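Letters A, B, C, D and E mark the chains as written, and numbering starts fresh at 1 in each.
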Amino acid sequence: MSTTEILFFFLSALALFSASMVLISKNPVHSVLWLVVTFFAISGHYILLNAQFLAIVNIIVYAGAIMVLFLFVIMLMNLNQQNEPQKNFWMKLTGVISGGCFMMVLVSLVRQTLDMQTKVAMTTSGDIGLIKNLGRVLFSDYVVPFEITSVLFLSAMIGAIVMGKKD
Amino acid sequence: MSKLVYLIPLFPLLGFLINGLGRKSLSKSLIGIIGSGTILASFVVSVLVFFDIKTNGASVITLFNFIQIKGLLIPFAFQVDQLSALFLLIITGIGFLIHLYSTAYMHEEEPHHFARYFAYLNLFIFSMLLLVLGANYVIMFIGWEGVGLCSYLLIGFWFKNNNYNYAAKKAFVMNRIGDLGFLLAVFWLIFKLGTTTYTDVFAQVGQLSTFDITAITALLFIGAMGKSAQIPLYTWLPDAMAGPTPVSALIHAATMVTAGIYMIARSNILYTMAQGTQSLVAMVGLATAIFAASIAIKQNDIKKVLAYSTVSQLGYMFLGLGVGAYTGAVFHVMTHAFFKALLFLGAGSVIHAMHHEQDIRKMGGLKKYMPITNITFLLACLAISGIPPFSGFFSKDEILMAALAKNPIYYYLGLGGALMTAFYMFRLYTLTFLGGFRGTHEQEHHLKESPIAMTIPLIVLAILSVIGGWVGIPELFAKDAHSLEHFLAPIFAASTAISEHPHLPASQEWMYLLGSTGLITVVIIYAINNYKKYKTSTAESTGLGIVLENKWYVDELYDTIIVNPLDAVAGFFKSFLEKFVIDGAVNGVGRLVGYGSRQLRLLQSGQVGNYLIIMVLAIVVFVLVWFNDITIVYYLNRLFN
Amino acid sequence: MPIQYYIYLCLALFSIGIIGALTRRNVIIVFMCIELMFNAVNLLLVAFSKMHLAAATIADKASTVGTDGQLFVFFIMVVAAAEVSVGLAIIVMLFRNTHSVDINFLNRLKN
Amino acid sequence: MNAIIVSALLGVVMMFSGILLKNKSSLKYIAIGGLLLLLIANLFQTYGVYTIVVNSHDLLRFQKFGLFFNSIAISATLIYVILSGKDIENVGNYPAEYFALIFFVLCGVSILCGFNSLLMLFLGIEILSIPLYILTGADKRNLKSNEASLKYFLMGAFTAGIMLMGIALIYGATGSFGITSPVFINTPTPGSAPKASFLEIAGVLLLFVAMCFKVSAAPFHFWTPDVYDGAPSVFTSFMATVVKAAGFFAFIRLLEGQTAILGPTWKILLSFVIISTLLIGNITAVFQQSVKRMLAYSSIAQAGFMLFALYSFNEVAKEGILLYAAAYSLATIGIFAVLIKLKDYTLDGFNGLAKTEPVLALTATICLLSLSGIPLTAGFFAKYYMLASVVKTGTGLWLVIVAVLFAAVSVYYYFRVIQAMYFREGVSETTEITSGFKAGLIFVAALIVLIGVLPSLLLNYFYF
Amino acid sequence: MIPLLLILIPLLSGLAVFLLKDSPSSKVFALVSSLATLVLSLMAVFTKGALTYDAAWLPGLGSRFSLLQDGMSKMLSLLTAISFPVVFAATYKNVYQRSSAFYGLMLLTQAGLLGVFLASDALLFYFFWELALIPVYFLCSIWGGEKRIAVTFKFFVYTFIGSLLMLVGLLYVYAQTADHSFAMQSFYHANLPGHAQNAVFALFFIAFAIKMPIFPFHTWQPDAYEQSPTAVTMILSGVMVKMGIFAVIRWLLPMVPQAVQAHSIFVVTLSVTGMIYASLIAIRQDDIKRLIAYSSIAHIGLMCAAIFVQNQIGLEGVMIQMFNHGINVIGLWILADVIEQQLGTRKFSELGGLAQKAPVLAILFVIMALANVALPLTNAFVGEFLMFNGLFQFNGWVAAIAGISIILAAVYTLNMIQKIFYGNTVEKTFEAVEVSGNVQWVLSILVLIVLVMGVYPQPMIELTKDTVSAIFANR
């Protein structure tokens, strides 16, 4: 077993475990923290895939900004002590079964896909994930969507103001 | 002259229009003059036409094309020949007398009712003339239904009385049942021959199969049953006595009810070729003759007795038709018209004098108050009973002799009926005119002979009743004395040619004649003696008497097996099938949608979690469907290709 | 690494996200689970981008195939950030009005 | 491209005008002017005048069909603002922002009219959706509005996840985000099982589901009634018309030419979606007492009809979806404009409207007739084209029959409103109604009838 | 040009009446407009040959604004044109709230009806088919009886379902035509294969069966007739039901001849069952309007049966009967309305002895009722005679069973006459007075038509001959 594989399995296990803990934790704050762990694990995967730019962005944007925002909101609402009322057991079961089924059918589809059985993802090599390469493509081929996202942010901004401001 | 034949129905039609439209403005006398005058005019033209035919023979006059489509031509045409001419004379002649009589009889009516009465009467004559004159079955049918309508209107003339209205309705509906048969026969003719014109039909009759002819004639006979009140469609006629008495005389005795006989006589060739139907006609006629006569014995309403007597006499006519004695039947139509009209008018005279009292048990001894009525009535009774040399004798004898030749049983049964006829007629006569008066004093005080407008028709008809039979003196008495037979010969030529007429030896015929006359005389004497001393408080009838009094319970039977079940079915349709099944199904769909709506909206639980679960499950199902076709939908898709 | 592994991992993460969204009542947690779904997709996209790159480099060493996949991830992150800001604003607004973040209480609108 | 840029700029303009202008009632007129500008810009591009040339590296590809559709969307918005502009101002404290958001939505619509890459599809849908989340919650003190907003947001985000998974799977299978790239069109032999990789199919399927959600096709429609009901009525009107139509357009553009890879099963699945959409939309609407909620369900039902365009995918269907978008938008905007003026949104609120406000009643009636697809209104031809497109394919006649039966059911709930207005006793209370508003309504009604008599007036532009 | 004007005059004047203020002038305006239409349609009748009009309409769809006025259309447009002035005149004294709207909608209905009868383009036909329905919906719902809303709605939805199915059928045939056109001739020559004919037949037939209506699709009818304002009921039963019959002859017969052939036994059975069924129910009715409604169902059933026996004689009968039934039933409705307006009831059980108080009314009623039972020398006799004839040529037993309805018709009609007019007066009829002059005049005209058509039906036969022979020429 190569180092890459060991790392892969470790990060995968970590991601899955911490993702599960997000669901299981009763305390929302714990959930947030577990989610941060998940994001770190995913960032690890990015690094493993040599997608350095995304790995960094992931940590900065997701773990750093977004999750902090979540944490703030939770704190603001003072939810950390609050025990979330549990859903009906049967509803939960149905949810789990539905999700499980969803995964099952997709996995079975992938298993039947022959060309996916042989292909590999290039790990630790291939430098398209470097900032230089991505940046060149982003500002040439992808400049239009890049600019357009500004509209998205404008509306998000307006939204935050309109929603968040106390009347 | 025959060209003017259209005037014959036109005059009554004009009379109808004038009287109908001007019923508010015309005076009574004017109404009477118009009503009677138009018929008199028709009568005059009829006489001219009659003599014209004697010299020039038959002809067809087409006025216009009534219906003309590809493969079917129905002209509005008149057939002027011996048969129709004879009927024209009867209808317009007797019609005129009765109109005249009515001017007096109906005089108490308010002017506009008086006008209405004459309008109806004129319309009736018009329809009857159409019936007789029509050159094809469709025109005949027009008249056929037309007389039914007038009969309806006149029976219900006094519409305030609901019983009269019921009687009128019954008459119309029963006629319609017969009419349906008639119509189907017409359709059959059109289907097979493409024409309804008599001349064409009779010429092409050879093309029809026996089944077709039998069916057509049977269906036509159903029509005749309705119109001429034969078993089983006779019950309307006694009830029809609700109408004014002259109406009964004209429509329900002399003319309309003989339409069936006319029609069969007209179609004689068809019947001659359909032996099966002919036997049926004979049997139905005979049965009706006896059956109605039996009922008449126990009736106490003067008009009811006459009504059943009419049904019975019509039965004789059908017997005549059924045994091939077409001339005899037509002959009997004629004589019957005379004496039955006379009887009714006489009865009308009595009723008029008795102030609308019709129960013969409350009459009696009218002889001394109403001499003319008495004598004429007596003559008519003698005529109907078949006493020689009165008219009824000759016509009835001709039918019975033909029946005897065909089948002796017919004869004996027919004779039995004739005896009953004699009995009930003289019962009627005796109870009415002989003995002592049994009514109230007030009635007695007012008793007097009817006015002259009523007695003149009585006298004329009495004369006709006496001598009317002499146009048909049988060969037995004098060779070639049967002028009617010679006159009508062209009409029945085709039938005569293919049917054989066995003749009895003259001696045997004499024997039957004398024997029957003797029996009838005995019955008459018995009847007079039996009822001369009649008192009101005679004991109740027993056994068969009750059954006869109740007319064999036929009305009740019809109610039980036809009217009530039909009513029940209609009620079931209306209040169950329509409401709950058919409408229920429609409303049920609506309710189903409503129910579905209430259930489906529960799916919209408001819970995001539920929504998401359904979405995810739907995705799962979609993927599964993807790889395993759902057969139903697949099949549905292929449904239209 | 065989791409299948990545696919399975991502599908698992995605499904965990779904399950979370289906089972939890706290709106914020549900929202977080949705973020988890996004991240699963992100990882999958990166893996695929490297898979395509691996296939392409056999023919062309300097191939830049797969860049678009990674850029897509970038855009997803951008959108996610925008969504989070709006979403949290909405949640806060609701909380101000109802003092609850319980998804089950969101049932004024139904049927 | 013109439309995208202009609408984004106009959004910004609106934001600033909110700050700069003292008189808020003039916002409406600025918006109207902006929309006219936008319409002109778009028309310019439609007929070959590119004012702004941008190389999008084939991420966007504008065709006449899309641009024309965009014009319809902009025109619908224009009519919407003309009719309901005053009510937009009355929703909350941020009228300028609302107008800005509307322009941003239009920007998203414009992107959806020309996207050529799944990336642009995703971005377009997000740009479309995020302002809508906000608009839905614009009535901040109304709990229903809050709730609707959150529901919409959560479900929208969840669906975005599903969509992204679909895109990722497609990318994995094809290595491209282009919707017209040769790899994406992996044509199998018709009739046999699809030869495309299962991964790709799964991806397309998930994309399909996400789009179904956007156009509120059952069983992904659940957000629609709640959100439409909860949102401020003015914005419901906008959402139910322009946005939904844009969703449909994107749906068609996305799958146009792709149905082949989906194989024959595709139609089975789609039939299922169509029927359940018609069923749920129509049947559930029957029982609703609130007209607004009824209209929400009816919009689901209308979506069921529009899905026929996906079923048939032929020229008739394309023309039809244009006509449908126009007819449906007009009628819905019209009926909502009337609804907003009422004080009571339940059926009883409409009682006796014909007596108090005959013009409103008449125009509302025409709108409702159009929605139920009665001839001589635009709605008839809209439905007609949809059904005709399916009949033309030669299959699925049973589907058409089912659809018309549901159309008959739809008559039931639409006519209940008409009944309330005309035949029932009552005094319908309305807010103040200006004659300008009435004139606008009459214009809309006239337009509906005009298209209903001569649909070629509209469709002819499609051909030149 | 005449066909176009026939549609335009009522359409435009209908719209114009809306703009008039509620006043007697709208009444006069409507009457004048309808008289103008009458004059035009008479002109059409006296013009030889078929009249046509053709203009571009929807080029992309293969649909043209083309009108054809052949014998059948002339006859039916004449019926429509006669009916409206008659109805307006007969109900002249009735006061309607919002009268301008009432008359406007009436005229729009007329435009729709005329359009249906004249259209020779399938899509145009469908348009007018619906146009005729919508105004009626409003008319009935606004000015109808107590239960008007629910009843009218049922009627509307019911017929709407039918017409939607017809739309599907139209689309299907359209897709199969050689030149992708809605033109009548293209439809006739679509040459559909057998199974497609059956499908199309089913789709069209349901629509027409509901409209006619044929048992068991008839339940909307008695309720609708009962609840509608009588002026509308007259149009509904006098003219509107003819739409279904007309459509069967114009569209169904030539379009899917094989399917018609194949299903004729089924349809005839259905129709004849309906005749007996409706007649029986009519016997038990206690309400004039409902009785006339059921009687109408029975008569329509006969017409439908006579169409599907597919012989010339039957079809010719249908042609005549379409016109005559319209006249007769309108006459009956007018009379029913007179009674209801004057006495405030339609129940037989509350009436009686009216003939004493209103003899003219009684006479007119009796004549109309007798025409309704197809007494010879009234107009209906000719039609029914020919139709039964056709039926008989199809199957004697069918004709015989259908014939029972003649008897039943006599039963219920006479029942009605007796209960309303005969007997002694009762409480409600004690104060009754004679019918007013305008109604007398109108009815006299109708009676005149009844009699003239009954005595001399040949002109009507000549008028519609071309349509009939055209249908059978293709066989």
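Quick note on the criterion: a contact is a pair of C-beta atoms (placed from the backbone, for glycine too) under 8 Å apart; a residue touches a chain by one contact, two chains touch by 3 or more.
Keep in mind it's a predicted model, so treat the numbers as computed, not measured.
Listing every chain that touches chain A and chain E alike gives B, D.
Here the chain at the heart of the structure, going by C-alpha means, is E. Comparing the centres of all chains, each the average of its CA atoms, the largest separation from chain A belongs to B. Centre to centre, using the average C-alpha position, chain B and chain C are separated by 97 Å. Note: centroid distance chain C to chain D, computed from Cα atoms, is 27 Å. With each centre defined as the average position of its C-alpha atoms, the distance from chain A to chain B rounds to 102 Å.
Distance from the chain A centre to the chain D centre is 32 Å, each centre being the mean of its Cα atoms.
Chain E has residues 199 in contact with two or more other chains.
Under the contact definition stated at the top, the residues of chain C that touch 2 or more other chains are 3, 7, 14, 17-18, 21-23, 25, 30-31, 48-49, 51, 55, 65-66, 68, 71, 75, 79, 82-83, 86, 90-91, 93, 103-104, 106, 108-110.
Residues of chain B found to touch two or more other chains are 590, 601, 604, 606, 608-610, 612-613, 616, 619, 623, 640.
If you check each pair of chains against the touch rule, the ones that pass are A-B, A-C, A-D, B-C, B-D, B-E, C-D, D-E. Taken together, the chain A residues at the contact with chain B in this complex read 87, 91, 94-95, 98-99, 101-102, 105-106, 109. Chain B meets chain A in the complex at residues 609-610, 613, 616-617, 619-620, 623-624.
Residues 3, 7, 10, 14, 17, 21, 27, 30-31, 34, 37-38, 40-41, 44-45, 48-49, 51-52, 55, 65-66, 68-69, 71-72, 75-76, 79, 82-83, 86-87, 90-91, 93-94, 97-98, 103, 106, 108-110 of chain C are the ones touching chain D in the complex.
Remark: chain B residues 601-602, 604-609, 612-613, 616 touch chain C in the complex. By the touch criterion stated above, chain C contacts chain B in their complex at residues 18, 21-23, 25, 30, 103-104, 106-111.
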